[in-house]
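Following this line, the structures themselves.
You will see chain A twice below: alongside chain B first, and alongside chain C after that.
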Partner chain A sequence: MDIGLFAQYVMNGLMLGMMYALVAVGFTLFFGVMDIINFSHGDVLMVGAFGGLATYLGLTFLGVENPWVQLAAAFAVATSAMALMGALIGKFLVLPLKKAPPLNTLLITLMLGTVLRETIRLFYPRGANPQRFPSLLPTDAYSFGNFTLRVDNMMLLAAGLLAIIGIHLLINRTKLGLAIRAVAQDEDTAKTMGINFTLIVLVTFAIGSGLAAFAGILHGLYYSEVNFGMGLLLGVIGFSSAIVGGLGNIYGAIIGGFLFAALQTLGVLAMPFASAYKDVFAFGVIILIMAWRPTGLISEKISERV
Partner chain B sequence: MTKSRLTQFAVAALTVVAMVIGFGMGSFPASAKEKIKVGFIGPLSGGTSSNGLGGRNSADLAVRLRNADPKAKYSYELLVQDDECKPNIGVQAATKFGANKNVIAAATHYCSAVAISTVDVYHKFGLPIIVWGAVLPDITYGNTYKEVHRVNGTMINQNETAAKFMRGLGYKTWAIIHDTTDYGKGHDKYFTKNLEANGGKILSRFGVTSDQQDFSAELTKIKSMNPDVLYFGGLTPIGIRIRAQMEKLGVKAQFQGTSGIVSDTFIEGAGPLAEGVVAFREGAPTEKLPGGKFFLEQYAKQGYKDPPEAYGAFAFTAMSLILDTIEAVGPDRKKVRKALNKVSGSNAADSITGKVDFDDHGQNTIAVITKYVVQDSKWTVWEDSAYAAGKRKLKGM
Partner chain C sequence: MSARAWLVPLLPGIVAAAGVTVYVILLLVVESQVGIAALLVAGVIAVLVAARFGAAARVGAVFAERDDILNLLVILAVLTVTGFFYEDHFVLLMVATVIIYVIACLGLNLQFGYSGVLNFAGAAFFGIGCYTAAVLTKNTGVPHLVVLVAGGVMAALIGSFLLLPVLRTHSHYSAVVTIAFGLLFKIFLEVNDTLGGPQGLRVDGMNVLGWEFNDNIEIGENFEASFYVNYIVVGLIVLGFAFAFVRRVERSWIGLNLDAMRLDETAAASFGLNITRWKITAFTLGNFLTGLAGALFAMMLGFIAPTNFTFGDSLILVSIVLLGGIGNPWGLVVATVMLIIVPEKLQAIQEYRFLLFAAMVILILLFRPEGLLPRPLRTYIPGWKPK
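Entry: the complex of A and B
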């Protein structure tokens, strides 16, 4: 394989991995603070992407044509709307079920995901069809043999990595992050230390869901297309990535995301005759890794299962 | 006793009177021409009813025109059944016609799922039929029933035309992406077969799931092989994704689709990238058919409430062929079946949709396939496009 082709595969894998990692980080945040699996996460991402698209369409309608303004507005509206929705999900669907068996939370978020999906399908204008997402970034491309370097892809990758670094700094370098980590580690002790448990949970849900909206817009910009079903598989892949990395650990989620993308790319490369099975291959390897490391590649520092 | 005798007598008398009147009434038109029953089945209610109603009207038009023809030997009556585009209802409708020995032949089905489940019924009852709209190859090729015929084309014909046309333009190498449903696999199979027969070369082939999002790995591989054309066998949603991602990865190949992407949704979703995409579909805009103008004029004269839709002309052809055959060999199912099977080669029939030439399976081999290209955000018939005129060029030309 020549260098250009290899570089192209690496670039594809990085883009895909960045997207998965962003979703996986959300799963891990929710699990960290509340020990719950939020299965509506992928669909929140999808709603975020549609929110960004609607903002863009609205601005175009109002005559605002500057792509940078449109982009900034799309990000701002979508992330804040989804952050609010995340907080509402936390307050009205997750916190009330705190004492209930975890299965109930899992079910209720699963059902919420279906509601979100069907809402977009039925109520967004022609929502059952794939929607074209505008190219708001510069589309200059440089070709090096088989490798096409696009300016917009580089910017998306950079934005994704910045978001991940930002979350990392937020969790590890701020007082809010300290509080989130405290709640994640021991709820009761955190409470006795004067941490407002409910507030921290809601803020965490807002951060995770806002991150999903961010990822949704990156997804739309990268693929130039959004559709009502895009969150479903992304959710499953993000969840698997979080699990295989070690649920509750942000680095684990990131590693898991990139690992999954690498496996999918490898699946097509290694078995071109059976490319339809690339997901089967990727999930199969994930199953093997989980059998080998049940608590994930990076297990929690303080395992609650012991 | 007497009372009941009286009743019996009264009943008998009434019956005789009724019979006399009945015969009298019946014999009046019969003295002019014998009345023959033919059938039509299509989806008259439900989501695809516009196609069914258009087909029904078109078959009705064929019967009316024949009845108005003084040279016709018989007078015809069209019986109509609704299959609702549901296999179980379709089987009931087919059984009704099959069991009614007065129905000599029928033009049947728009929906493939219905047509494939009714062919056994027609075979069992020996009722000759001509499919007027369903496109699944197995309806004719999945059996050896002599009763089953079809005037419209299938994905086999579609890919035959596609392969010949694209080779004719000068393209040499292809990469194929197809979804792994029966639809996508069928397209892959028949396109590959026809392309190889026409000297084209397939460099690589990828099966994908019908909800896949990311095609970067497949497209990168395709890019490294640098084919002239990327053939996509599948439906609109992933067609849009593949077209968009080709651009991002710098795949320069011409994009060629199947009937599955000939929709306005594809153009909306792909935006400016849809320009210059080619695809093929069974059937044709009615006005483009050889006898399309005549058909549309006659159709308009009858003042039907619903338009004929894309397959109306084929329903007209199917019914006309049935009536021609009955005229030629008489109202007998077996004779009609035999005569229909002989409609091939030098004996091919003329119709408003072009020649009808059945092969061993009763499939019309001279099927109408239309070539489309997207021009200025519209699916344009190739022959009418700026691309055919040489004003615009497809990729790599």
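Entry: the complex of A and C
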């Protein structure tokens, strides 16, 4: 195979992996503090992407044409709005069901995802159709044989990596991160040490959802398109990545995200004749992985208390 | 015992059944959107008032005690509605759809309600039944009653590929297995040309012993009934069997085992219950019922496409089970009537139905997690009350 084309595939795989990793980190954070799966996470990402798009359109309408200002505003508005929404989800939907069976939390977040999806589909202007996402980054490109290195893609990749490094530092080097880890390890002990459990849960939901919005905008910039259904697929893939890495483990989630993207890219490479089936292949792999390692490749260390 | 002494205790049940029948007929007759909205509000108020003054509890008690006779009453009620609208295609289509959805949800009820096995791919198993019916009726001469069963068997068979991951995983993990399967199924249908791709497939109408189900029923010269009556009758028969079966399973030691497994798997296993066996039983039986319903649905509709089997549709099936009161087959009937007929009649909300149902389930989970008609305690001896 041509080395240039191969490099193109690797580049594409890296982009995908970075986005999956960002989504997976959110899932893993929620699971860490609350032992729940927030199935609306993918749709929060989608709403975040639409939020960024709406900010851009609003600024254009107001006459602000500088792409850097637009970009910064889109990121700022979308991440903070979704962070707020994440905290609200935690406060009004997840925490009240803390004592209820896990099925109820699972259902309530699934249904919230549906509400978000349908809200965008019905109430965003022509929301049922895919929306064009503006390319706000410089579009210079350098060619090396068959391989085209685009500046905007490099910037997206850098932004994603920065976000991941930022999360790593936040979790490991700050007092807040220490509190999050403490709650994840043992809620009761954390409480006796004077950690405000509710606050930490809400902050964690805000961080995870903000990250999702960030990933949503990156997704929009990369594909130049957003649609109301994109969250469902990204959510399931992100969740599977988190599981592959072992829920509750941030590095596992990041590795899982890149691993999943690698699998998808390999699938396309190995079976170019069946590229229409690539999502079928991806979901089939998820089911197989679950059958093989039911709690992920790096499984949680748990002992079930009866 | 005189007829009077026999009839009087049943009276609340009979009155309730008659009242609900009249109400449903009214709901189906009225065309104006304002009228329907008013009827719905009146219905909600009536139920609330009945609950406030204890009438609902008495009706419930009668239903719990004499469910043999009251089952017949409900069948009579459906036949009354069918008879009333005997030439109205659209209304009868709705009635038949409700019946078929109840069968499908009975399958999900076995999984969610009794055994606690999660299945978020209900629409996919329904779809397997549909596509099986389409392929068999178009390409083979298999008798159509066998096609019905084949739809169920096929759903159970394909479901058995999921058995290993479903058995090995718990709660959220197994939810993802079924969600992934549901998405996979729909994408597969869309890209597979042999199964019609996004355009879908045509399905032949049912034909049993030369009786063409898709011809209107003509008796004499001036009586002609809609052909949907055929499907309602077959649907009712299948539903009757499925309902009786699910109720028997629930009452039997199998149901007891399933309940124990749902409530605490570890404890149940340590009392010697074979968790694997009962999970397989519940998952396979549930998929069978859902697929069976799908096959009947496909033959009735005559046309199927992948857009009928989205993740949203799976969630609607789950909403029905949850809304009705998880584990209570009667609750299913009420919830299905609400979720199928209301959006069809109230065209204003048709477009918003996914949104409204999802919001409704969120509210139910927050404020009344046991559903509209909570599952009653099992009664082994009719009329027995704890002292």
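One rule holds for everything that comes next: the second predicted complex is superposed on the first by the 283 of 306 C-alpha atoms of A that agree within 3 Å, B and C clash if a C-alpha of one lies under 4 Å from a C-alpha of the other, contacts with A are read in each partner's own complex, and residues count from 1 in each chain.
Basically, a residue touches a chain if its C-beta (ideal position, glycine included) is under 8 Å from a C-beta of that chain, and two chains touch if they have at least 3 such contacts.
Every value quoted in this text rests on a predicted model; they were computed, and no experiment measured them.
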Review point. Is A:153 contacted by the first partner chain B, the second partner chain C, both or neither?
Key: first
Review point. Now for A:177: first (chain B), second (chain C), both, or neither, which partner does it touch?
Key: neither
Exercise for review: Check the residue A:233 against both partner chains and state whether it touches chain B (first), chain C (second), both, or neither.
Suggested key: both
Check your understanding: Looking at the overlay, does A:294 come into contact with chain B only (first), chain C only (second), both, or neither?
Key -> second
Check your understanding: A:108 contacts which: chain B (first), chain C (second), both, neither?
Key -> second
Check your understanding: First (chain B), second (chain C), both or neither: which does A:96 touch?
Key -> second
Check your understanding: In the superposed arrangement, does A:264 touch chain B (first), chain C (second), both or neither?
Key -> first
Practice item. Please work out whether A:284 is in contact with chain B alone, chain C alone, both, or neither, and reply first, second, both or neither. Key: second
Check your understanding: If you stack the two complexes on chain A, which partner ends up touching A:119: first (chain B), second (chain C), both, or neither?
Key -> second
Review point. Chain A residues touched by both chain B and chain C?
Key: 233, 276, 279
Check your understanding: In the complex formed with chain B, which residues of chain A make contact?
Key -> 2, 5, 8-9, 12, 15-16, 126, 129-132, 141, 143, 146, 148, 150, 153, 222-225, 227, 229-230, 233-234, 264-265, 267-269, 272, 274-276, 278-279
Exercise for review: In the complex, go through chain B and note every residue touching chain A.
Suggested key: 180, 204, 206-209, 211, 213-214, 216-218, 220-221, 223-224, 236-237, 240-241, 244-245, 247-250, 265, 268-271
Review point. In the complex formed with chain A, which residues of chain C make contact?
Key: 112, 116, 118, 120, 162, 164-165, 168-177, 179-181, 183-184, 187-188, 191, 266-267, 311-312, 315, 318-319, 322, 351-352, 354-355, 358-359, 361-362, 365-366, 369
Review point. Which of the residues in chain A end up touching chain C in this complex?
Key: 36-37, 39, 93, 96-97, 100, 102-104, 106-108, 110-112, 114-115, 118-119, 122, 232-233, 236, 239-240, 243, 276-277, 279-280, 283-284, 286-288, 290-291, 294-295, 304, 306
